[in-house]
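Two complexes follow with chain A in common, the first pairing it with chain B and the second with chain C.
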Partner chain A sequence: MSATQAVSSLVAASTIITALAVLGTRYFRSQLWAYVWQSTILAAYTAVVAVLSGHTDLFWAAGVTLFVRGFLVPAILLRVARALPGRREEALIMSTASSLLIGVILVVLAALVVAGLATAAEYPALLAGLSVTLCGLFLTASRPEAFPQLLGLLQIENGLFLVTVGLTPGLPLINELVVLFDLVVLVVVIGVLIRLMTSRLATGNTAVFDRLRG
Partner chain B sequence: MLTAYLAVPLAYVLLAWVLPGRWLRPLALIVGASVLGFAVAVAAGVLRNGVSTGWGGVLRVDGLSAVVLLTVSVVVFGSALHALGYFRVERLGLPRERSYASLWAGFSLTMLAVPMFANLGVVWMLVELTTLSSAFLVAFEGRPEALEAAWKYVVVVTVGVSLALLGTILLYYAAVPVLGQVFSLSWPLLLSHGSELSAGPLRLAFLLIVIGYGTKTGLVPMHTWLPDAHSEAPGPISAMLSGCLLNTALYGILRVVPIARPALGRYPDVVLVAFGLLSLLVAAFSLRGQAHMKRLLAYSSVEHMGIVTLGFGLGAPFFAFLQMVNHTVTKALLFFAAGNATQATGPRIDRARGLLRAMPLTGVALLVGGLAITGAPPLNLFPSEFGILRAAWRGAPWVAWLYLVLLGVVFVAFMSRLTALVFGAPEGADAGLPAPPRQARLGVTPSVHGGTEPGTGAHEADAGAVPDAGGASPVASVAVVLFLALLLVLSVFTPHALVRLLELGSRAVGGGG
Partner chain C sequence: MKVLWQALQVVDLLLLAPLISGVIAWVVARIESKQGVSALQPYFDLVKLFGKERLLPGRAGWLYLMTPPFVFTAMISVAVLIPILTTYPLPLGWMGDMLGGAFLLSLAGVLVQLAAFESGNSYGGLGASRASVLTVLTEPTLILVLVAVALEAHSTYPYVVGATIRSGIGAYLEPAHVLATVAFFLLLLVDTGRLPVHNHGGHSEVAMIDEARLVEYAGGDLALLTWSGHMKQFLLYVIFLDVLLVPWGMASGPGWVPFLVAEGSLVVKVLGLAVIVALVETALARLRFWRYSEYLGLAFLLAVLAVVTSQVGGGAI
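Here is the complex of A and B:
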């Protein structure tokens, strides 16, 4: 096993663990920290790929990723979480244990899909990217509260970034930058929407949204 | 030219916060008119030179882009006009009108930018920004339903559009064997190497892009956000969502179709036909039993995006474009008229009757627009729907049969609702209740309607007034008259320049003959 593969396997394992960790907890603070760790690992991985592949653009991508995904976005999220009324844990429709189990099933599913697609060198990053994306998708779909839904969207973006770095390290920096810009706007807009919800409806729980049907 | 095109709405985004309040509406009109002017000028430039570029190739407008720009700009202008009437009735106060004006311009700006940029990564970002800039406009009226609609809109569309990002990355990956590790993700470059892209990743990329941007286009089964957002938004914004946002999202798909075709053969067309037919099918049956006027129109948009997608998949790009343009004009008209009607009656169709007598102009506009949108001859959507039918007949007769049956279902479902609203006997007048004149003439029984619908208070204040032609204020009818005229003109003839532009667009998308 080459050094590249060792690093990417390690990264794949640890990002998948952070994605599962978010599914396995109902505390906003713990979810946020898991996201910060995930983003930091992504940035570190990007820097390593920059060294190994020689695409210097990726150094910039690593730095900006660390700043935006690891610091700026979590800082905004922290403000949003503080504004939520009263509680620090979320209401659930499915127990954390069951969602964790489904998360594991999704990772296995991702492994099966990727096995048919990727070469050995691309395998770990693609597997981790797809797993994180699917776990984020599941988080968004399965949680009734607004905050974890937002975190799910952010994890989807993290997963896609991992796929980008692993699959197309040569992708020009501009594309990473536009995605990050978009991410910041997304967090701000959803943050304001959550504020509106908590002030108008006195809850951050989207389960009250059941009026529009058919 | 393209720079100025974008600079005008951008300037208004900022100016809306600092201008004196009374300049806000006139300037919005000027912005709308100049956007429309730029669209015509850019289209003329594209007709002359085939392509129009800016910023050293960063901006690139061809026939496809020009058609989309034109549809966006027409509705941006119309929404500026219609907003005059909307604010005359709603009386929301200056701070909220400022935020509306700024968001409106921002939304227009992002929609105009989408078809201009050559880099597909930037196009992706701009499509996502159209969602984020319109989220607060959907939630603008502040009701819990509006917040619900905005939340669903942002979450569902963001998830969908991130799949398009994955598709875009895979598109890049498919080109790596040809173009090397580092190249620009611009569509002219990818287009020139279309036949050399590796088919495996490209197949997945195309599917993800169709699902991703298709979420925003309102293709079934990713359309769930659409009826909510389109019905809860204020009237002028509903028209923009249905009339042009869907087109800019579809643009994201159409850009990739000619890139994918050389390597994949019929595969992209099969995907488009499948999504188009499914959308038409589900929308046709969802139209039945929609009591809410704007939800009815929203499902009709799902139906029409299905028809347009079907048209492109069947290799009839000219008729698909013709359908797109005419749908834009007709749907904007319908949303403007429906906005005026619901501001007077409350949003539920099943309670309002006899609109034609109470609000003749709005009634006529809804009736003509309704006939046009269901494809009745000799109105403007008939030729394109017929053209797509002929293409289906040549390709696969079973598709043609299904298409024809579904159009029939749509016609019955849509018109049965609309005729009840426009012609139905006003119940209130028969009952002889001592209701305010306008409400009685509209047939809204006060005991059912009174106080339950938001915005009623504003109307009761001037309920003694004789209802004028366009609803609440004559200003509100200007946009309706203008779009009604445009619809009728397009029914009689399609201007030669527009035909040539649509042909240019068709050549850019390709397919068929």
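Here is the complex of A and C:
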């Protein structure tokens, strides 16, 4: 097993753990910390790929990733979480244990799909990327509160970035620069929406909008 | 020579085990800006307890009386089975595999729970029923973690598992192994009586689990059970370190020099983990009783995932 493959294996396992940790907790702060760890692992992975593949511009991508995904976005999210009305944990439709179980099934599904698609060298990055994306999608779909829904979107973003770094090491700088603005604007806009919602409706739960349906 | 080393593993267990609890308590106190009692306090406590009178509840039966020596013996037997000092098996090392060690630890736990029920004290029963719930939640994870590493090594003997992991960086960083290690660490905090499940050293009735089970014991009996508690912690640390996390530093050949190196690395590794656990403990709050299943559910599913990833994809990972 080559060094690249060993590192991507480790990254695959640890990013999947963080993705499941977000699904497995109902505390906003813990979810945010799991996202910070996921982003930090992603940045470290990008830097390691830069060393191993010789694409020096990946160092910039790693730095930008660490700053934006590991610091700037979580800082904005922390402000949003502080403004949430006096509660540290979210309302749930489905218990965290059940969501974890579905998360694990999604990871297994990703493993089965990727096993037929990727070569042994690409396998870990593609598996981790797809798993994180699916877990993020499931988080967005299954939680009634706005905050974890936003985190789910950001995780999908992380998963896609992981795939681009792992599969096409030359691309991520452009990719990251384009996505960067997108990401920050997304977080700021949704953050403002959540704060508006909490100040007008005194809840971060999007279930209140259901009665607006015709 | 090998017999001597095996005896020394047990001596290490007996002598070092209380130190870990002392060091954790000391580090936690220092982080909380307190003076902190000496790290040797658990030894003083044991000496004090051995000097005290033995008192028994009126309805104590044979089960209650035999539990302390039996639990103590079970812990010593586990120390014979697992690699504490050497990478090669010692004479009695083939008596039982990792599952055998896990069974001995569970047996000790079950005995303490039964004895707590037998004591007739209401807090004893309360602690025992809580501990049973925790056992139901932790045992499957423990077994699955062992299964995951056993599938990796094609053997359930801890010596073979350690050798497989030492064989290359690929085996060490394999997702199955990483996931199993993380799952075992989550479990380790629960099984050694740490946060986020146990409030160590707290004696309020609503939160007591381990202390409540021993509430009727006194004198030498309590000393044996407390010592066994320290030893269980030491054994789980050693299994975590020497089989999963850092299976390096143990003696691979005969002679006194490798032995001393192994002793030194054992102390460094175990105390290092103790400091990490102390840091983790100061950062966490205790979970509510009905939230235990969420924390332990995560550990369980990581263990399931460890087993699955080692099988899916033709082991391509």
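Keep this in mind: the second predicted complex is superposed on the first by the 209 of 214 C-alpha atoms of A that agree within 3 Å, B and C clash if a C-alpha of one lies under 4 Å from a C-alpha of the other, contacts with A are read in each partner's own complex, and residues count from 1 in each chain.
In the analysis below, a residue touches a chain if its C-beta (ideal position, glycine included) is under 8 Å from a C-beta of that chain, and two chains touch if they have at least 3 such contacts.
Quick caveat, the model's predicted, so the values are computed rather than measured.
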Room on chain A for both chain B and chain C (clash or fit): fit
Touched partner set for A:5, first chain B, second chain C, both or neither: second
First, second, both or neither for A:107, with chain B first and chain C second: second
Touched partner set for A:181, first chain B, second chain C, both or neither: first
Partner chain in contact with A:139 - chain B first, chain C second, else both or neither: neither
First, second, both or neither for A:84, with chain B first and chain C second: neither
Partner chain(s) touched by A:96 [first = chain B, second = chain C, both, neither]: second
Touching partner for A:209 - first (chain B), second (chain C), both, neither: first
Superposition-derived angle with apex at the Cα centre of chain A and sides reaching chain B and chain C, degrees in steps of 10: 160
First, second, both or neither for A:197, with chain B first and chain C second: first
Distance in angstrom between the closest Cα atoms of chain C and chain B, superposition on A: 20
Contacting residues of chain A [partner chain B, same complex]: 55, 57, 117, 133, 137, 140, 146, 149, 153, 156-157, 160, 163-164, 167-172, 174-175, 178-179, 181-182, 185-186, 189-190, 192-193, 196-197, 200-201, 206, 208-209, 211-212, 214
Interfacial residue positions of chain A with respect to chain C in the complex: 1, 3, 5-7, 9-10, 12-14, 16-17, 20-21, 24-26, 95-97, 100-101, 103-104, 107-108, 111-112, 114-115, 120, 123-124, 127
Interfacial residue positions of chain B with respect to chain A in the complex: 119, 121-122, 124-125, 128-129, 132, 135-136, 139, 142, 144-145, 147-152, 154-155, 158-159, 162, 165-166, 169-170, 172-173, 176, 180-185, 200, 204, 227-228, 231-232, 286, 289-290, 295
Touching residues (chain side chain C, partner chain A) in the complex: 168-170, 172-175, 178-179, 182, 293-294, 297-298, 301-302, 304-305, 308-309, 312-314, 316-317
